[in-house]
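Order as written gives the chain letters A, B, C, D, E and F; numbering starts at 1 within each chain.
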């Protein structure tokens, strides 16, 4: 019934929490995650631009800002659920996609429907902007799990998330953004007080080595 | 990897909240809902027994206690999502069912697998116990939405939940339990101070009338 | 004033927290604890049955589900309060018992009063079901304190609770349920990542040894 | 084992909430209540002094600051529990008193024990300071219940608390403090926007009338 | 000491709440507010573009995303504090500005300092993008206060915020975005169930009339 | 508009949290902090009296109880903000002071204005009572940071707060109160289980040594 519904739905994204029930030290709403991913993507866009690459800024911001809007419909269930097979995950993805389409048809006025179909489509592809989104999403996930591990949360799920996020970032290691991240940011992260008491340094070395060996 | 995982998973049910982000006055975890449904079912079992019906108590408690265990896997997404079609809902139900099976195979020791396959299967059927579960689940939902409406929560979703829950209870109006509920409990509920300022009395009358007319 | 009051009181049990102010990582309401104890009792009932013992299932579920209902009246003050003597504890117990009786007389309709007098009486006795309740209550307490210790909560109260709970469970070590617990579940619990950094393995060994020596 | 335990116990008073589970809009810890009561007592002390009465300031502050310290031991269970008789309440009071004595003997060093026995004894008596404590405690309770009623909390318990608190204040209507309260503060309170939609104006008039008639 | 500090600071914005202690129904972190303002600005940018205006998209997203980053330093104290004069507000603004400069110099690597000086400067100016930011910020504030009023929060501060926000939006009524907002969105907002029981319709009419009269 | 506003403002102090977003294990409102500081000051007053010093009790309680009331206006921003210079801190202090004066003029009735000007002025000076306030404020801060460090919070800010608080207490080491604190309380604090795993013992020794050397 119009943009009022859409504006109001933004508030609902403040009430959907990522990995519900798992974070013990700091919870993150989908709205907050989207903000941080857009900030991170903004930084990486600047890195790419300084390195001489052309960034489609509008496209980059659009992808980052809207990439998790559809979690409004079935919530955050893409994070590793142990008992889901690939097939089950794909089914969930289809369900989410269909609900997004139903939402656009029912709430967005006709003249804006093409725009929102564009804004709410999957943004991770092989363009520079698609790749910046992919790594920014993982960098935020890395920070979220890092925050828990550093504060002593022993749930193994955060080690799994950290590992999976870092391995994915590593796959993009030819990008200037990732080079900067690995050279300047990751060492500072692992240099934080108290990290040496955790398994993160070894874990990080291990993931990096595996990646280099192409495993 | 064994019953330890299962016992620990019970704590996860304390962290999954029903209708996340909607309840403003009192939130309800899946563990709490399961407790209340089992208490309600226990009461209705006694009503049926006093009315001369034979209750399979073990079966009744099993159904009530375990009926939402599988929300562990994809959380509480069965509650009315506006943009889901029946087909999408069925897909979600299948996903949940498959994950439950995966869980039993991977965590429950062989000798207990048949028991947990039995305990975690859908409990709402046409037996007396299945019907008591069906109405107890709705009575708790009715109370949950009643609590919000009574305290002034203007979200329309609670009116929808109240209506849907009451209409479903009404379908079972031949049962002794439902007769008791409609005769003794519902009037007390609507007699609470401050209810007259809400739309609940009219809404309730309307739902009842519709049901009687067979709409 | 009727069953409506009783149904509504179930929600109050969602608002009474165990050991208020002590749990830092996960709080547990009385409703949640009751759910978990009933689930644990259900499992131990199946263990006993597989071992050839006859379980009165109705009785078992009744005891587990209702065993803490009376905390509604004076809350959770049975957990170790340092400055209470045995005599003071007994006085508190009497107060709770009296309030439960007052509640039944004032809220439960006459025809259900005998049933609720039966349901709300102390369920821990020397029957198999009474003993299963006793250990299930302690197993949940063990898990609750384990959760805090494992996550690094340094409050000594959780070490005390863990010790007291395990020692009590150990007293019932002739039961099939406890044998299963000690043989299959406890080792998995202590095998969790990060437990070796805590004092739990030594503590557990110590409690077990003391128990065997009959101290 | 010393003042360290005592200082640390102050933090526990931040974790004990008044009427647990009842306040929906704003919760109040015992530490916060004690702060507010002492502030209110400080104001009333100034009113009395301006009216020419002599205030023992040290005594007044001591009474107000420490009056609920002993809730540390059995928590806030003095607030109206429907199913408690006068006798049961007295038993609870004795239990609390005994635990306070046990605490002083075990934690407070010998040289400070007489001081803390004095500080932690019941402060409400017929002295001016005892009466200022009595009304300050009720004024804060009045504000706490007023806050809930004003925001729309329909729980009858807050109307009961408001009524009981106001009636008690009214009993002290010969005091200058209470005269000031009834003449200057209460009308401002009832003049708050939105109060006319509640039952407070009638309720207040009724309580006042009853009090004047000596009922 | 580098971008790691910057990335980590994004999490701190999840912990700074707007109008701390005032929102009773839904709290909003600065991170969440920034997300919503950027979403709203994105929509209004599309409205302007459809109306034939040229939007500098990079500039628009930069302004919206970063406009409240500096709340990291002294928190959200710009919202109406009754006892602050204009002069005091300006002093606070200067303090915030200085701390932002100190932060950039100490944390942002040299090569990115010019970029972050640009990103973190005040974004509300007379350009189209500056004006879209100004109204988007107010539209979110309007929604935040609307949410509280609609749910029954009687604190007058939300009526003040609503009025101030709407009056500011109205000042920009020559913009296509504001025309769309007033014509399509505001009526839907005021058409929500339960709004007629509040003072919002009259209040809105009054603000609009005043604005038209040029008061 | 009168004392009603003042009494109601006490509740606002329950909603202002110290170091917002930093405490992970236990948050402290300004109301709670004020209560604890007054309790600590009460103890130190008794220590001074037992040592033969004369304590102005009214003055001591007044200072402790009211010392942070003015945080009502700009919240808790005095705690170490990394990017604030001394000059910026002074500006903030002036802002707070001005708002306090504006508050007294607008809310406190004429006849009580001199009293509240006296009560709300800065209480830390060179009198015995001023010095007891200064150390009591720091002792509570020490306990607050101690609580986080002990529970494993790795945020460096708590080490900084602990160090700064202890160093300030040490400056007053000629006072009887501080002698008692250093001789009896601090050793018990550092003797708590689990403290040896933290850096607190070394840190404490280092601060003490520095202080003695007059650095």
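Note that a contact is a pair of C-beta atoms (placed from the backbone, for glycine too) under 8 Å apart; a residue touches a chain by one contact, two chains touch by 3 or more.
Because the structure is predicted, anything quoted here is derived from the model rather than measured.
Look at the contact of chain B with chain C and you find the same residues on each copy: over half of the numbers used there are shared.
Taking each chain's centre as the average of its CA atoms, chain B and chain F sit 50 Å apart.
As a whole-number value, the distance joining the C-alpha centres of chain B and chain E reads 41 Å. Residues of chain B in contact with two or more other chains: 14-15, 26, 152. The complete set of chain-chain contacts reads A-B, A-C, A-E, A-F, B-C, B-D, B-E, C-D, C-F, D-E, D-F, E-F. On chain A, the positions that touch chain E within their shared complex are 1-8, 10-11, 13-15, 26, 28-29, 31-32, 34-36, 38-40, 42-43, 46, 50, 57-58, 61-62, 65-66, 109, 111-112, 115, 119, 139, 143, 147, 180, 184-185, 188-189. Within the complex, the chain C residues that touch chain F are 24, 152-154, 156. Residues 12, 14-17, 20-22, 73-75, 77, 81-85, 88, 91-92, 94-95, 98-100, 102-103, 106 of chain A are the ones that touch chain B when the two sit in their complex.
Residue ranges on chain A touching chain F, taken from their complex, read 25-26, 150-152, 192-194.
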